[in-house]
Amino acid sequence: MSFSYLNACLAMLLAWGAIGLAGMIRPKSLEFAGRTLFPLGALCGIALAVLAVISIATPVERDVLPIGLPGLPFHVRRDALASVFLALLGGASAGISIFSTGYFRKGEGALPGLLCLEYHVFLASMGLVLLADDAYAFMVAWETMALSSYFLVTTQHRIPEIRSAGFLYLLIAHVGAIAILLSFGVMQGGSWQFTFDAMRAAHLSPGWATVAFGLALFGFGAKAGLVPLHVWLPEAHPAAPSPVSALMSGVMLKTAVYGVLRVSFDLIGTPQWSWGLVALGLGLMSAFYGVIFAAVQTDMKRLLAWSSIENIGIIFTGVGLTIVFHGVGMGALAALALIATLYHCLNHAFMKSVLFLGTGAVLHATGERNLGRLGGLIHRMPWVAWLTLVGVLAIAGLPPLNGFVSEWLLLQAFLFAGDVPQTFVNMLLPVGAAVVALCTALAGYVMVKFFGVIFLGQPREATLGQAHDAGPVERLGLLWLALGCVGLGLFPVQVIEMLDIVARELLRLPPGHWGTDWWLLAPAAARHASYGPLALFGVTVIVVVLAALGVRAVYRRRVHRGPAWDCGFVRLDARMQDTAEGFGQPIRHIFEPFFEMQRELPTPFDAAPRYRVTVGDRLWTLLYLPLGVTVRWVADLVARLQQGRIATYLLYSFVTLITLLALVL
Amino acid sequence: MEVLLLLGSPLLGALTLWLFGARRWAPDLNVVFSTATFAAACALTARVIATGPMLLAREQFLVDPFNVFLVTLTAFVGLTTSIFSRPYMRIEAEHGRVSAGRLRLYHSMYQLFTATMLVALTTNNLGLLWVAMEAATLSTVLLVTLYRTPASLEAGWKYFILCGVGIAQALFGTMLLYFAAERVLGAEGVTALLWTHLNAVKGQLEPTVLSLAFVFLLVGYGTKVGLAPLHNWLPDAHAEGPTPISAVLSGLLLNVAIYAVVRCKVLVEGSLRSALPSQMMMGFGLLSVVLAAFFLWRQRDIKRLFAYSSIEHMGIITFAFGMGGPVANFAALLHMTVHSLTKSAIFFAVGHAAQKAGSQLIENIRGLVTISPTIGWGLMLGSLAILGLPPFGVFASEFLILTTAMKQQPWATPLLLLALGVAFAAIFGKVQPMVFGETQARRLPHPPALLPVFVHLAIVLMLGLYVPPYLAGWYRDAARLIGGP
Amino acid sequence: MAPLSLDLQLLNACAALLLLLSFSMLSQRRIVNLVNLLALQGALLCAATLLVAWRTGQGHLYLSAGLTFALKVIGLPLLLHRLIRRLNVYWDAEPVINTSGTMLIGLLVVVFSFGLAQPISALASTATRSTLGIAIAVILLSFLTMIVRRKAMSQVVAFLSMENGLFFGAMSATYGMPMVVELGVALDVLVAMLVLGVFFFQIREQFDSLDLHHLESLKEGE
Amino acid sequence: MTTLGAVTQLLEIVCAMLAAPAFLGWVNQCRAWLQNRSAPSVLQPYYGLRKLFHKDVILAENASPLFRVAPYVVFGTMVAAAAIIPSMGTGLPLSMAADGIALVGLLATARVFLSLAAMDVGTAFGTLGARREMMVGFLAEPALLMVLFVAAMISRTTSLPLIAEGLTTRAIALYPSLAFTAVAFTMVLLAENARIPVDNPATHLELTMIHEAMLLEYSGRHLAMMEWAASLKLFNYACIGFALFIPWGTGTEAGGPEGLLLAVPVLVAKLAAAGAGLALVETLSAKLRVFRAPEFLATAFLLAVLGLLVHLLLGD
């Protein structure tokens, strides 16, 4: 078989599958499954990433696999879009796999071999989702992805919360999948015409196209955790073991973004700008909703999960913007927005993985995930702390790291949207920009809380004294991902030139030029806006170093260690620091209407005063509980039909018979 | 020849086991006969692959693409079930739930039941088809009441009366069909009930009579298919009988019934040239799917749960046949195959689980994966398969059905989406805590022999990713045969 | 129009009587009488079959008449009588709907079934076609009887009379079904009866009564 | 880049570093005058810095390396920020590397590091200050961004020097949108630089303080760097204001060296005026409760967005 990047990528996926199965050879052996197979998986990941990156610029490749349905074998196809996401998958999963090598311990729920199987099947199915070129292959891969991740989430199935989390996750995933399936049903070319090519060829009336897009948005939104379909995400992501959480947040959510892009730009082909507004609106809503809830969380993994919702929101904002621009025929801007979107996908994959793995290390070191019981870990686990700091700064959108680049691009896209033909869209977009800006600022708030409470200050529990730093392998994994963040931050031009190929292919545009110089990013023209992270970083570093050296050179005064100043109040202890709740208090105060809070305030005369506040998701009580109630109600109603009396049953058939006879007469 | 063997072996088995059914080695004998039957079925299949469809015994018997795979399937599931029931019924006997005499009844009736189903599938004579269906009912009634518990008696009674009445309607329908046919094929009614002949002249059959006939047939056989609102006997019968019987009832008998309905539908549609039969079937199908989904929500008995899921899937199949057309028919046939395999596998797992817990109540079954991984994973995978999660075959057929529905009957898709969602929540929400979670029960000393479960699941898995070409060919031919818009 | 020949008149008389019997079954609450009525119905069916056989000179109809006689006039009624004695269930409880109401519904059913039979008998070539409507009526009426009865026994009797109706329908529409089918059906009916016999004793030993309200525990709704 | 550009660049950085404390001193002097106190000299901040530099550093026991790095990072970012704000000349080569949005990013970086450092020691005050600082920040930052957006939309660029140039080179016109944003910007400036009404640089009253609370644990040269950075921040904000609203007089590429020379006195004049104005505002307005601060800033944010909409409605 002649070499093609497609086959090579498939081979990598196959290798993942094989590695997974190999895990079942000795399912009980941690040494074999954990310490031997996971590094192999990481290697495959790196190889896949390299292949993908090289292949971005190469022409589209297709192939047909010998499996599938009789009239419908698996079609696979690799184009630039798929390559970008494959690169994301490979790159991020490599770091995560390396970390997992050192992470998984004995006696954590499922057997190591089983875990290995599920983990690698998960990876492989995500890869197949990106390569699939017909509805059936796509759906099989899609649902396999959901299924394997479900089993990973419920690794520790003895804990009821985790079980219910898994249930909720799989339920919403499945309903979403059916919606996607139906949207394929709309787009299909006719009987047995389920290949994507047939869908590209098929011409939909605007109405049906809208239906298809709506179903797809629903389905993929459910997977991506778009508000209001997000409820499973803050439950499921924390429930999983940290590497899995990283994989789900970092990579799996992006497959949903991939799906939306694929459907709206490739399969439907001619998105209408009004769809864009919907996506934009949902995106902004998710971004805002996610970030304010992240700000009030007290469980570190839950906080990260909510922050994932925020980032997905920002990504969908980008998608919506792209659709709007593309719909009104502003090609260059559409490309800009699309690139911002893709860039943010890449960024989020890396930074969120760093953070989740960081929490994993903390969890292992302290056995504690409640922010209220952590603190001061930067002394005990400096590696994890500093590497996590990179992720924190990145996700807070601070230059010169990667988070800032995509934010910058997105804001540029908003900024030059000035002349969209539709006036009211014109008025709407700046508000969108404002929301994005607000969300990024809030993300900064959240991340300061996250890092400050976990790693800084004094340990809030005596037990934290025994915390140990992560092992060398785990550090390596973290380092890989952190370097990814830095690299993506410092060399935007190179990355964007790759992403531009996607934009060109997907939006059918002439190639845009993105940098006047290898170090200077200038989307439209240097006159409009330019950003050179390397130079900026360089200058800052130089100044910092000069300042430090200069000061030390001139003023050689000693540095004493002393107790922290206690303002004359002698018994100053760790409990006087802000708790996570305390740090979130301003947000709760400002955005009160969005939260559902139960406060437990002590009276001045309490013997043992106790302050508790629990923050609930309003949408849960507004949307989901009523839904459940309705279903139960209907079920009770239906149950009345079956009273156990045989006469009644006979009556049913009698009436049915008579009615049908009357019908045909 | 093969057909003779195919039908002879179970009949002989029924006779022999009626004599020796109480012996200690009776279960093995049961397996032996089932194996013989399966072998005959394989031989028949091989012959069909070689020489194509055929008519035998003065056209009384017919083997065509539509029933050949069903015959094989029936024989196969019959075999695996007999294998499963060997240890199962032994344990039941040890627990003192069944006496030796009843074991005798059980074994011989089991063979008889297989025989009747095979006759129903292979016969070319619609009258004989009816007789066989009735016989199948009668042979299973006593199996349902095997335990003689009040519940089982009640279930058996309802099964008997409701199906009896239903089947009576079917007889009248058959009669009307005969009446219409006689006018075309001549008064000497030798050939007038032979499906092949009817199919040849279906264009000339009298529409009004046929439409009436179809109503009777649909209500009649539909009762046995378990279409809402005629389904009320089904959950009781499936839940109260011994588990092997539940497996074959859900897995096979329903298939046979729907087979009968479709055979009739072909004739009627051919004569009416109107969408009436299709619409009726789609209506029944949707109603069954939706009602079953909501019934699932409140189940506390695990076997009842899966009985309702059978109703749901029968609804899906009926709906698909109602839609008609190459894709939908193909999907429906595939769905019949994978459903019977999966559902019987689930019942095997459930049987052991319930036997272990000593109760069929869901809240008494917990943490299976801890007690016995094979049972736990068997049940989990089976349920996921039946819920239509890939890469299992059920997904393949549901994929085709849903996409086609979106194209041909978009109005139905919201209902299907709703029903599938509710059903998923109901079943999975009940299965998960049974398989996962804490449990007081200690680990089983010896893992139960669940080979059949995993064999079935393996086949279902394969059908999801690869359908053997000749099987696909049959599906296609059958789909063409069944036709539709 | 010319007056019908004697045999046809007789046939129609039989049909009318059958209908009458079904009505009386609908109202009858004494189970022993129910069984007798069933036997009578069987006898009428047998007679009708003989008439048709004699008229059309189809051999197999004699056979089916014989079957009917053996099974429905002698066999089943005897069996049922023995059961009744053994289980001493003589009375059915008060029907679900009171008798007059049932009668009214029955009347509507008859009208409906005549209407139903119209198009079919219009096509029928048989001399007996006009009785088809009655056959359908008998079937539906016994269906109704099953619905309103509360004792297992009376349900079974109604079930059997439904079978009679089917046979009558077959006879009047097409001079009976092919032999093989008739035999099969007869066999089935026989087996069904045996099964029922077993059933009754099982039910009896469980609930020591044949009242159907014992059989209402398996249900969904409260 | 031209030599002139390089010169301007260096000149600006140096001037900013040197002039910032003086500006702070000047503001304080004005305030003192307005409050009829005997005013400290303009050079007072320099004395303060000198004193601090000569002191030993006392670190809390559990201060981590982050705590020691932070001052330099904050200082560095502030200088970098100063390097891209066209205070005297617009021909800044570095401004290519970072436009307005990046500038906001830089300031945010400084804020984040400051807050993290404040949380590092883990005293009640530190965390309290950090929390309040972030609270102020997450509303002030988008507001500032929106302000920039308006200016950017008017002159179709996000790079500050080009915005300034754009405004100077055009015929002078009234931009109602700019009026809105000017108010918003002033409010942001007050909040960001810990001035009344949001914070009071002069007190250590724990109920109200934000910025000082974060610095409590710092001493010696670290504190000096922090103070210096703070004054730089004020200076930078002032210069941003000039660039956005009254850019006239800054030297352009076209203007050449002589333009640059002219720019120096202009800048001094502007600063003097701005300082006086700032002092006036501070004196006239009363300190807000901390809980009111968000509302204050939300108003600023709203005004900025309003300005944006007004701009879109009326066009330029």
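First chain written, first letter: the chains are A, B, C and D, and each begins at residue 1.
The definition used in the following text is that a residue touches a chain if its C-beta (ideal position, glycine included) is under 8 Å from a C-beta of that chain, and two chains touch if they have at least 3 such contacts.
Bear in mind the structure is a predicted one, so any value in this text is a computation, not a measurement.
Q: Identify the chain pair joined by the greatest number of C-beta pairs in contact.
A: After tallying contacts for each pair, the winner is A-D.
Q: Would you mind pulling out the distance in Å between where the CA atoms of subunit C average out and where those of subunit D do?
A: Roughly 101 Å separates the two chain centres.
Q: Distance from the CA centroid of subunit B to that of subunit C, rounded to the nearest Å?
A: One centre to the other, that is 31 Å.
Q: With chain centres taken as the means of their Cα atoms, state the distance from subunit A to subunit D in Å.
A: 35
Q: Between subunit A and subunit C, tell me the centre distance in angstrom, where each centre is the average of that chain's C-alpha atoms.
A: 70
Q: Give the residues of subunit B that touch two or more other chains, as numbers and ranges in rising order.
A: Residues 157-158, 161, 165, 212, 295, 298.
Q: Two or more other chains touching the same residue: where does that happen in subunit D?
A: none
Q: Would you give the residues of subunit A that are in contact with at least 2 other chains, written as numbers and ranges?
A: Only 636, 638-639, 641-642, 646, 650, 657, 661, 665 qualify.
Q: Can you list every touching chain pair?
A: Pairwise, the chains that meet the contact rule are A-B, A-C, A-D, B-C.
Q: Residue numbers of subunit C touching subunit B in their complex, please.
A: Going through subunit C, the ones touching subunit B are 116, 119-120, 123-125, 136, 139, 143, 146, 152, 155, 159, 162-163, 166, 169-170, 173-174, 177-178, 180-181, 184-185, 187-188, 191-192, 195-196, 198-199, 202-203, 206-207, 214-218, 220.
Q: For subunit C, which residues count as touching subunit A in their complex?
A: 96, 112, 115-116, 119, 140, 143-144, 146-150, 155, 212-213, 215-222
Q: What does subunit D use to touch subunit A in their complex?
A: Those residues of subunit D that touch subunit A are 53-62, 64, 66, 72-73, 75-77, 79-80, 83, 94, 96-99, 101-102, 105-106, 108-109, 111-112, 115-116, 119-128, 130-132, 134-135, 137-139, 141-142, 145-146, 149, 152-153, 156-159, 162, 206, 216-217, 220-221, 225, 291, 294, 298, 301, 304-305, 308-309, 312-313.
Q: Please give the residue numbers of subunit A that touch subunit C in the complex, ascending.
A: Subunit A residues touching subunit C: 636, 638-647, 650-651, 654, 657-658, 661-662, 665.
Q: Under the stated contact criterion, what part of subunit B meets subunit C in this complex?
A: 125, 127-128, 130-131, 134-135, 138, 141-142, 145, 148, 150-151, 153-158, 160-161, 164-165, 168, 171-172, 174-176, 178-179, 182-183, 187, 189-190, 192-193, 206, 208-209, 212, 235-236, 239-240, 295, 298
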